[in-house]
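Pasting the structures here.
Two complexes, one shared chain (subunit A), two partners (subunit B, subunit C).
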Partner chain A sequence: MRNSLMKIVRNTAFPIFVLLIAFIIINGAMSGFTSSFVVGFFTSNFALCCVTIGTAVIIMGGGIDVSLGAMVALINCIFTQLVEHGWNFGLAVVVSLLISMACGALNGTVVGFFRVSPMLATFGSLSIFSGLALTVLPLPGGTMPVGFRNFYMGTIAGIPIALLIIIALLLLAFLVHRSPLGTKIIAVGLDAPKSFISGVRVNSVTFFTYVFAGFVCGVGAIGLTANMGGGDPNVGTALSMSAIASCVIGGVALSGGKGNALGAVFGSLFFGLLINTVIAARTPSFQQGMIRGIILLVGMIVAAVLLRGTTSTRAKQLRNEGAND
Partner chain B sequence: MITNNESILSNTNPVKKASGIERYKSYLPAAIIIVVLFVLGQILSPGFASARNVSNIFAQASILALVAISQSLVIFVGEFGIDLSVGAIMSMSAMLMPFYTQGQASALPMAIFMVVLIGGLAGFINGTGVQIIKIPALAITLVMATVVDGFTLAFTKGLPSKALPEVLKTVGQPLFGQVRTCIIIAVVIIVIFQLVLSYSRYGKSVFLLGSNRNAAKLTGLRVNSTVIIAFTIAGMMAAFAGVIMVGYVGSSNLRMGDSYTLMSVAAVVIGGAKLSGGSGTLLGAALGSIVLILLTSVLIAAGLSTGIRTFLQGLILVMILLFNSRAPKLRV
Partner chain C sequence: MTFLNFECKGISKQFGAVVALKDVGFSIKEGEVRALLGGNGSGKSTLAKVIAGAVKPDSGNITAFDAEFMPSSPDEAKKHHIIMTSQELSLFSNLSVAQNLSFCTIPVKGGLITDNKKILSVAKDILSELNVLHLLDKRIDELAPNEKYMIEYAKALVQDPRLLIIDEITSALYKKDVEIIKASIEKVKNNGCSVIFISHRLPEIFDICETVTVMRSGAVVADMEVANASEQELISLMTGKTITKEDADKRFQDAQTETQGKTILSISDLKLSGFESTLGIDIGEGEIVGVAGLQGHGQSTLVRQLFGLESHMSLTIDGEKTTIRNPRQAVKKGMAFISGDREKEGVFKEQSISENLRVVGDIILKKRQKNVGEILDRYHVVYGNTGHKLVSLSGGNQQKVVISRWTSVFPKIVLADDPTKGIDVQARSEVHQIFKELAEQGSAVLMVSSDDAELVNLAKVTNKSRVIVMYEGKIIKVLRGAEITEENIGHASMPVVRSDEN
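Up next, the complex of A and B:
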């Protein structure tokens, strides 16, 4: 019992979990939670959660991606155009997801197989994606079927659909994390040359993390389209940076190999809740950005100090196995 | 420890200068791209390579080059240092210049002093966070960007302004011939910084720290203060670049520095520096800046729509990186 409790406390997601609970209490005390608030909260933060899951997987594999926000904008525009042009709805979803995975594959190829620094490579693809988004849909617009929007903003047994999809994506990330591939991702994140010598195909593993992120972003983009009821080529610019910040607060080490997607999602929910809290506290509108930034900075410092003692168990296992060889 | 020894051997030692052509080899890709782009621009729209247009391009590149100095320092000092707050700091100083000067030339020195001070403070917090609290540079500078953006909004209420002293607006005017003042300012500052980096005790320790942090620590270099100073100077230089930018453009708005953040990183890398630190020059960063600005100008000259232009810009950048800065193969 004590052992399993320690396991939870030492999990990299624990500090952000505590921080999140604290903010939920503060927020609840200030404005109270209605069910419409909860649904609205998850529908509007859905895209950020999705991008954060993708970013977390990439960072754990030792990479970074600044293009995911632009990718969300691109898929948002493509999906809107497909629906506008009278495509079958299911087909439009499938094609959009395939295109988002292809975008991820582009990043994965340049970073994984051509070994370009991920920061710069994805900066390049950021331009590529936002340029394409502007070409596909030069001005914000489009309409979404009412049924689709109602479905996305609906609930099943009181739980918002958006939250259910986030949980499903988290489960998917968890399954990958627990699979042999997940072990390889962490190994590559911890030390790529050593993993290579141990027979891990580093290129392919890196490639996979980017394709996975592409898929998750595609899901996020479709949710975003439902939320906005149309497309906007400039919609996702802030998403990738917010996602990276969410990952860091959520205990995903930027050096790679440490953390999990759950903590990262907690981080992004904290991010969203922070904005609500600052608004609910009736801060003058011009100061909201600065207060949000300062809380974020303090949160990051607190998380960094708290996380010093924690190591992900998988990383520890890998290290121990390496030491025994 | 084996890996450390390897990295000593594989890093080019910046203190010992390579001789002859070897020394200038890292500038070659950037120089070739510049020539190609000028020829391409002249073909696409005659008059592109005219003295006036070239001076225009160099003036814009000089602003990017000034931010690239910030970014260079942080990248040279190593451990994958990067500063994503430079764009926000530039916007901050651009917004605060009209606020402090109200169009009065006499208030100019004080205003520049204030924005450079605030930029330095932001850089100092970045450096302290990286070195003392051990937060990755990428993360803390990213959050610092939101703090600085928020500060600017809170301080200026986000209103665009044109209340700048006329003296400041002359940075975009020719001083003699087609040579504009901002180009001269950039050249002078780059030369000063390059001399400091190459010959001073501080500059040498920056490169040594970037080459091998552990070895630098063991030989007794002051790691903490060197890194914090690098970040602080980076913040100050970004603020100064913002001053030149607002003078060149003639009016300020909240988001005008944003695009410079990642462009400055790209400029430094195209100029031959490694993101892992320990190598690179400011001349390289300046060439990289010219490449990026020239690329945009050529695409504008080609008369393409914004979407296609952004797309091609990204595509060409990826191509340049494919040629220029690939990590060595894992198979030895």
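Up next, the complex of A and C:
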């Protein structure tokens, strides 16, 4: 009993879990939870959650990706155009997902096989993706079938569909985590040369993480399209950085090899609630950004202190490179 | 199954300007245990890495299983059951001990999910075979260096090797661990596995191996039966210099005569973290103090704590009472700390050789080292260019750079935690000589070693030396002069015979 309790407390997702619960209580006290609030919350944060899951897997494998937001915008535009041009709806979904995986495969090839620094590689593909998005759909527009929008904003047994899809993606990430591939991802993330010596095909593992991220971003983009009821080539710009920040606050070490997707999703939900809280507190809009920043920093310090409590000596702390390692 | 019949011919490899291997031939028979011996930078680790697929040679070919065989990656070598334990350790601190052991062949159930039960049972089997089952529930970063090397060895065994390459794991091991490894090698050998055993400890080679290949400066210089070789002969082959026993003894005798210098470092009532009792010691100018004891009795905690790595530390340096709060202060007070764990606490792998050498002087003491090349030459470091990355050097040469980093700033107090781990006999005695020079200039040296024989040799370097033996966080015996023998250290380390270790 005590052992399994320690296991939960030691989990890298634990500090953000505590923070998230605290914020749910604060939010509930301030505005109360109605069913429509909950559905709205998950439908509007759906894309961020998806991008965060993808980012988490990449970071755990020792990489980084700043192009995922632009990728979401691209898929958003492509999907909108496909539906506009009267494609079969199911086919449009499948083709969009395939294109998003191809985008991921592009990143994965450049980073995994050509060994280009992931920051630079994805910075380059970011421009390509946003440029393509503007070419596909120069101005915001398009219409989505009402049935699709209603399905996306609906619930099953009171649980929002968007949340169910997030859970399904988390289960997929967990499945990867519990497979030999998952073990190899965190091994490569911790130390690629050691993994190579141990017989891991490092290039392929890196490649996989980017393709996986491409897939979940595709799902996110389709949800986003339903939420907006159309396409917008500039929609995803803030997503990449928010996703990276969500991962870090969710216990995924930027240096790679540590953390899990669940914590990262908690992190993105925390960000969503944070924005909600600031708005609900009727903060003047000019100061919202600043207040959000202050709460965020305090949250990070709390998370750091919670994690530090489990390590003993000072040298060990330094070795752990910061709060979220 | 086909016979191994492993043979390399004409293997050459160059890293930048450094020739690591030139036209090397090497062969091993089924069930043979062959030692691969050589100084730092002699190319033995490179050869091992070529065989294990981690390094691609510039030229040459390998035949195995009666066919041409050139592994292009460790992955491919492993498919042929050619397994290498790594001197740098291939363990992952974010995985459990059991996961690490099965890392190269992760069992699955249902074709997809990792079979954790199988992982656990494989780990239990192999750990109990090596008599270290108590390590199962530990985290990798909780393990002592010798325990990590036992796990590294176990990880290789799990992969069912047909050619097992053991790269210097025993340099961090204690005697009882080496006995276990020896028995285990005997067992795999009887199953038809061939073993390439790389070690600097000559007695082990005589004890464990049947044949020996000696390398020097990237070439094979001898290939013989261990039974026909003598220790002096092997050292001469390795170093290329004829060293007779008299020479060695004479060098030890010209040490200065004992004088009572002033006390440089004085500690009293020091409680080591993790222990109940306290200890005190005074170390004088020019004194070399060896620290011995069984593993985990506070030897490395002592030097680490003195350097401010554990907590605040009150001590007297040069008669002046001070408090050391962190390593930075320790360095400013004239202390140096040489760690045996060079991966974690020694080298900056991606930085250049000269930056690695200058780091302490440049960053903390604000004293710029100019004569980098000169220092490297003095310590016989084999390197191409001081601007090359440190990883381009062999393991032993990396450690020499780390040691010269500290000694080149002339510290008052040298704290060393098993500093010669994994470096060869000759380099070892060079390190001892460096310590001797420092001592002659008035420094005090406190050095921990897991190898009792090394402490005996160290003590011969100067007359002003003693060996303290630690037990459960206190000093239980101080040996001086002629008392310093392996037997005496061994006896003192085990004051009570315990029926059950840990």
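Going forward, the second predicted complex is superposed on the first by the 306 of 325 C-alpha atoms of A that agree within 3 Å, B and C clash if a C-alpha of one lies under 4 Å from a C-alpha of the other, contacts with A are read in each partner's own complex, and residues count from 1 in each chain.
In this section, contacts are C-beta pairs under 8 Å (C-beta built on N, C-alpha and C of every residue); 3 or more make two chains touch, one makes a residue touch a chain.
Treat the numbers as computed from the prediction; the structure is a model and nothing was measured.
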Touch test for A:Arg178: subunit B only (first), subunit C only (second), both, or neither? second
Contact-wise, after the overlay, does A:Ile64 reach subunit B, subunit C, both or neither (first, second, both, neither)? first
Pick one for A:Ala29: touches subunit B only (first), subunit C only (second), both, or neither. neither
Subunit C versus subunit B, contacts on subunit A by residue: B
Between subunit B and subunit C, whom does A:Leu190 touch in the aligned arrangement: first, second, both, or neither? second
Between subunit B (first) and subunit C (second), which, if any, makes contact with A:Ile156: first, second, both or neither? neither
Between subunit B (first) and subunit C (second), which does A:Gly199 come into contact with in this model arrangement: first, second, both, or neither? second
So, A:Gly257: does it touch subunit B (first), subunit C (second), both, or neither? second
Subunit B and subunit C footprints on subunit A, overlapping residues: 196
Complex interface listing, subunit B residues touching subunit A: 3, 82, 84, 129, 133-136, 138-140, 142-151, 153-154, 157-158, 262, 265-266, 269, 275, 305-315, 317-318, 321-322, 325-331
Looking at the complex, which residues from subunit C come into contact with subunit A? 52, 54, 73-75, 77-78, 84, 86, 88-95, 99, 103-104, 106, 108, 112-114, 141, 273, 304, 309-311, 326, 344
Contact residues on subunit A for subunit B in the complex? 64, 66, 110, 114-117, 119-121, 123-136, 138, 192-193, 196, 202, 233, 241, 244-245, 248, 253-255, 286-294, 296-297, 300-301, 304-305, 308
Looking at the complex, which residues from subunit A come into contact with subunit C? 175, 178-180, 182-183, 186-187, 190-191, 194-201, 257-258, 313-316, 319
